[in-house]
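The following pair of complexes shares a single chain, subunit A, combined with subunit B in the former and subunit C in the latter.
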Partner chain A sequence: MGNRITIPFGSQHVALPEPIKFVFQTENERITSVEVDVGYVHRGIEKACQTKFKYTQVGYVVARVCGLCSISHTLAYVTAVERLMEVEVPKRALYLRLIVSELDRVHSHLLAMGHTAEVAGYENLFMQTFRYRETVMELLELLTGNRVQYDYACIGGVNRDVTPEVAKTLKERLKELKEKCLWIKDVFENDLTLKYRWKGVGVVTKEMAKEFNVVGPPARAAGLETDCRAEFNYLPFDEVGYKMVVRKGGDIYDRNLVRAYEVLNSIEMVENALDSLPQGEIKVPVKGLPDGESFVRVEAPRGELFYYVKGSKKLVLDRVRIRVPTFANIPVMKELFIGMDYSDVPATVISFDPCLSCTAR
Partner chain B sequence: MDLKKFRSKSPWLLHYNTGSCNGCDIEILACLAPKYDLERFGILNRGNPKQSDVLIVTGPVTKRARERLIRLYLEMPEPKVVVAVGACACTGGVFRHMYNVLNGVDKVIPVDVYVPGCAARPEAIIDGVVKALEILERKRKDFVPPKVCKNLEVKEPVNRKFFLEKCLGVKNGS
Partner chain C sequence: MEVEEIKVPLRDVRKTIKEFYEEDKWHFITVNAVDLGGKVELKWFFSPYGEKERFKVVVSEVSYDEEIPTITYLIPSAWISEWELADLFGLNVEGAKTGLFLEPDSPKAPLRRG
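Here is the complex of A and B:
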C-alpha cells in the first residue's frame, strides 16, 4: 500500500491545446485508474446537418468538425453523396483531391511528430519540424487559397483548378520539402536520446490492436495491416504509387517512424499525381436529390474515418453519422494507461495524436 | 524596476479553446513557431491565468466551456485584454445557433479585439495581439486600483461582516 494520489489533468492545462480532462488515480507514481472526459467541445454538428443545412452545404459544415483533417471530412461526405446520387466524377478532380488530401496528411503528421518531440523535451526539434511544416502550408495555400480550411472538394468535383505555373512551383517546392522530411526522418530514427526515451514505452501489441480495433498509424506501428487507402476505393491511390507502411514495435518510437515514412510516401504520391495529371473537366453539374443510404471509409491522417449518409428525396438529409479515428483509439489508450508510470503519460497521449474536436463534434 | 515595466514589455498569453475546430488553434501555434515568431515581441504563451495579460479565445462558446471561460477570465489580474480569434469566436461562425453553442465570446465576457477569418491567418492574429497590447497600455494608464484594505490588528476572532465594516470604514448597508 503506497501513496495514493489523485491527479486531475485539464480541462485547461499548460501542455494541452485542447480541453480534455483526465483524472488519474496513482499509487507510487503508477496509475491505477483513469477517467476521461472529452465532451467540452461538443457543438452539435450532426444534429445541425440534419436540420439546418441543405445537403449541398453540409460539405462545408463538416469541414469545420476538425481543422487538421478538414479535407478528409469533406472528402468523405462528398464521396458518400456522390455514391448516393451516382455522379461520375471526372478523373482530374479525383487526382486533385488526392493531391490535397495527401498534402494535408503531410502537414498533420509533421504537426504530430513535432508535438511528440516537444513533449519529450526537444524544443529545438519541435521548432524545426514546425518550420518545415510551413512549407506544406504555403503549398496548400497556393493550391487551394487558404491555409487551414480548404473547402476544396464539392459535390461533383473540386472548386478550383491547378494552373501549369502552380504545378511547376509545387514540384519545385516538393523537392525541397522531401529533403527536409528525410532529415526529420533521420533524426527520429537514429537519435540516441529519442530512442532511449521512446523505445518500449506505451506498447500496443498486435493482439491488443486487433482486440480494441485500433486504427491509423498506431495500428500500423503495431503490425496490423489496415489502411482505408488500400481497402476502400475512393481515390486512385494505386495509380500513383501508394505503399503501406507497417512496423512491428508498437511503441511511441515506431508510431513516429510510421508517420515519418508515410510523409515521404505521400510526397512521392503527390509528385507522381502531378506528373500524370489527366486533362479535362474539374466539376460536373449535379441534379436531383439524394435518396437512399451509403457509407464511406476514408483514411484521415489519424486513421479510419467513417461516414454514413441517409437521404429521402429532400433537400435536408435524414441522417449524417460521423465516426472518427480518435474515438476508435480511446479504449486502447485507457487500457495502456493502467500500470504505466505517470511521467510517460503525456508522451503516450500525444503519440496517439488525439483530436478532440473530432471526437466530441 | 517594477512589475509594470515587465508587463508592457513582455506580455504573457493565455490561450483557451472554447469549442473551436482546432483550425485557429494550430494557427496560434504557427504564430509561435519560427516563421511568424510572435515571441520576438517578448510575448510568451503560458498556461497560467494568474500570470497572463492577454486572453486569446478561439471557437464558439459551448455550454460546458462557459463556466471555465468565466473562471479563467476572473482569475486573470487587472488590467487584461481579451482577443477573440476566428469567425467562431467573433460571432459563432458556422456554428451559430447550434443547440450546444452560445455564439460569440462577447456573449460571455467582454472582448477587446476581434480577429476575423476562418481560419484567422497568423498575420491577422499577430496584428490583433499587437492591437491588444495598445489597448492594454491604455487600460493600464487609466486603471484605478481597487480599494486596499487597511491593516487591522485582530486580537480575537471576529466575524467577517464586522471585519469588513471596520476595514473598509463603512457601515454595512449605508
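Here is the complex of A and C:
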C-alpha cells in the first residue's frame, strides 16, 4: 500500500487563476480519484436574462459572462435571436463580426499558450506571448472601442463600422503580428525542453474525445474533426480561407500546437476579410418581438458554445440557456486525471484553457 | 437548419437515445430545460460530426417531482448537464448530486418560475 494523501487543487491555486476546486486522492503521488466543484462564483446570468432584461439588452448582459470571449457570447446570442426573428444581417456586418471574432480567438489562444508556458516554468516565453497578445488587444480596442468588454455585435448587425484608416492600421499591424506568432509557433513546436515536458502528458485519445464529447482545441488535438465554424453557418468562414487544424497526439503539446496554428489561420482570415470587405450597411432595424425557439452553435476560442433562446412575443425572453465549452470539457478532465501523476495536473488543467467565469455564468 | 424533433414520454427517453446514438457519429451537446409552470420541458440536443446545421432533439416533459432517467450509461459526459438540472431546476435526476453549481446558501431551484 502506498502513501495516501488528499490534495485540494484550488479554489485558489498558484497555477490556476480560476475558482475551480479539484480534490485529488493520491497514492504515491498517483491520482486515484477526483471530485470537482465549480460553483464558487455562480452569478445567475441566465436568470437575469429571462427576468430583468429586455431581449434587446441581453446581448450586452451575456457579453459580461466572460471577459475573454465576450465577443463569442454576444455573437451566439444575437445570431440566435436573428434566426428567431428572421432578420437578414448585412454582409458587411457579418464580415466585421468575423474579423472581431477571429481577433478574439487570437488573443485568447495566446493567453492560453502563455499560461501553459508559465506553468511549465518557461517564464520568458510566457512574457513574450503575453507581450504579443497586447498587439491584438490594441487592435480590438481600435475596432470596437474597448479592450475587454467589446459589445460589438448587436441584433441586426454591428455597432461600429471600420474606417479605411483603421483597416489600414489593422493590416500593417497584423503583418507584424503574424511574424511574431510564427516565432511563437516555432518555439512551441520545436523547443526540446517543452517537448520533453508536454509530449505524452495529459493524453486525450480520439476515442476518449468521442466518448466524452470533448469540444474545441482539446478535441481537435485528439484528432476529432469538429469545429462549429465548419458545422454551423453563422459567419462566412468559407469565403476567407478557414482551415480546420487537427492533430493526433491529444497531449499538452498538441493542444498548444492546435492553438498556435489556429492563431495563424485566424490572422490570415482577418487579412482576407479586410481585403474583401463588402460595402453597404452595418446594421438593419429589427421589428417585432421574438416568438418561438432558436438555438445556435458558435466556435468560441475554447470550443463549442451553444445558445438556446425561447420567446413568446414579450420583451423579456422565456429562456436563455448558455452551454459553454469548459462545461463540456470538465467530464473528460475529471476522467483524465485518474492514474495521472499529480505533478502533471497543473499543466494539463491549463492546457484545457478552462474558463470558470463562463461555466458558473 | 435541419432539426429532427422526437417527442417521447419520459420513460422512453433512454431507449430512444440508445436507438440512434453512436459516439462515432453523434455529438451530444447538452440537455436543456424550460420551466413551463408546474412542469418542465426537457430537450436532449445532438448533432452529427462533420455535417452542417443538422440536429436531432429528443423532447420530453417532466413534473417537478418525477424522476428523470440518467443517460450517463450511454453518454458518460452527460452527468454534468444532469447535475445542473438538479441544481438550477431542483429536478430529481437519477444519480445526480446537488451543490456542483450552487453553494449551500444559494437560492434553491433558481431557474423555476415564480
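Definition applied: the second predicted complex is superposed on the first by the 361 of 361 C-alpha atoms of A that agree within 3 Å, B and C clash if a C-alpha of one lies under 4 Å from a C-alpha of the other, contacts with A are read in each partner's own complex, and residues count from 1 in each chain.
Just so we're on the same page, a contact is a pair of C-beta atoms (placed from the backbone, for glycine too) under 8 Å apart; a residue touches a chain by one contact, two chains touch by 3 or more.
What you see is a predicted model, and the numbers here were worked out from it, not measured in a lab.
K.L.:
Clash or fit: how do subunit B and subunit C relate after the overlay on subunit A?
P.N.:
They fit: once the shared chain is superposed, the two partners occupy separate space.
K.L.:
Please indicate which partner A:Phe295 is in contact with in the superposed arrangement: first for subunit B, second for subunit C, both, or neither.
P.N.:
Once the two structures are laid over each other on A, A:Phe295 reaches subunit C alone.
K.L.:
Identify the partner contact of A:Phe306: answer first if only subunit B is touched, second if only subunit C is, both if each is, neither if none is.
P.N.:
After superposition on chain A, A:Phe306 lies in contact with subunit C alone.
K.L.:
Of the two partner chains, subunit B (first) and subunit C (second), which one does A:Ile350 touch, if any: first, second, both, or neither?
P.N.:
Once the two structures are laid over each other on A, A:Ile350 reaches no partner at all.
K.L.:
Give one of first, second, both or neither to describe whether A:Gly39 is in contact with subunit B, with subunit C, with both, or with none.
P.N.:
So A:Gly39 meets both subunit B and subunit C here.
K.L.:
So, does A:Thr226 touch the first partner subunit B, the second partner subunit C, both, or neither?
P.N.:
second
K.L.:
After the fit on chain A, how big is the angle at subunit A between subunit B and subunit C, using C-alpha centres and going to the nearest 10 degrees?
P.N.:
100
K.L.:
Could you look at A:Lys47 and tell me whether it touches subunit B, subunit C, both or neither (first, second, both, neither)?
P.N.:
both
K.L.:
Kindly classify A:Leu98 by the partners it touches after superposition: subunit B alone (first), subunit C alone (second), both, or neither?
P.N.:
The answer is neither, since A:Leu98 touches no partner chain.
K.L.:
Please work out whether A:Val332 is in contact with subunit B alone, subunit C alone, both, or neither, and reply first, second, both or neither.
P.N.:
After superposing on A, A:Val332 lies in contact with subunit C but is clear of subunit B.
K.L.:
Upon superposition of the two complexes, what minimum C-alpha distance (Å) separates subunit B from subunit C?
P.N.:
6
K.L.:
Can you give me the overlap between the subunit B contact set and the subunit C contact set on subunit A?
P.N.:
Correct list for subunit A: 39-40, 42, 44, 47.
K.L.:
Mind listing the subunit B positions that touch subunit A in their complex?
P.N.:
On the subunit B side, the touching residues are 15-27, 29-30, 33-35, 46-49, 59-60, 62, 64-65, 68, 72, 93-95, 97-101, 118-119, 121-122.
K.L.:
Under the touch definition given earlier, write down the residues of subunit C that touch subunit A in their complex.
P.N.:
Per the touch definition, subunit C meets subunit A at residues 1, 23-24, 27-30, 32, 34-35, 43, 45, 47, 49-53, 55, 75-77, 79-81, 87-88, 99-103, 106, 110-111.
K.L.:
Note which residues of subunit A are touching subunit B in the complex, please.
P.N.:
For this pair, the touching residues of subunit A are 11-15, 17-19, 39-45, 47-48, 52, 60-61, 64-68, 70, 111, 127, 130-131, 133-134, 137, 146-149, 355, 357.
K.L.:
Where on subunit A does subunit C make contact in their complex?
P.N.:
36-40, 42, 44, 46-47, 83, 210-213, 224-226, 230-233, 295, 297, 304, 306, 308, 310, 318-319, 321, 323, 327-328, 330-332, 335, 360
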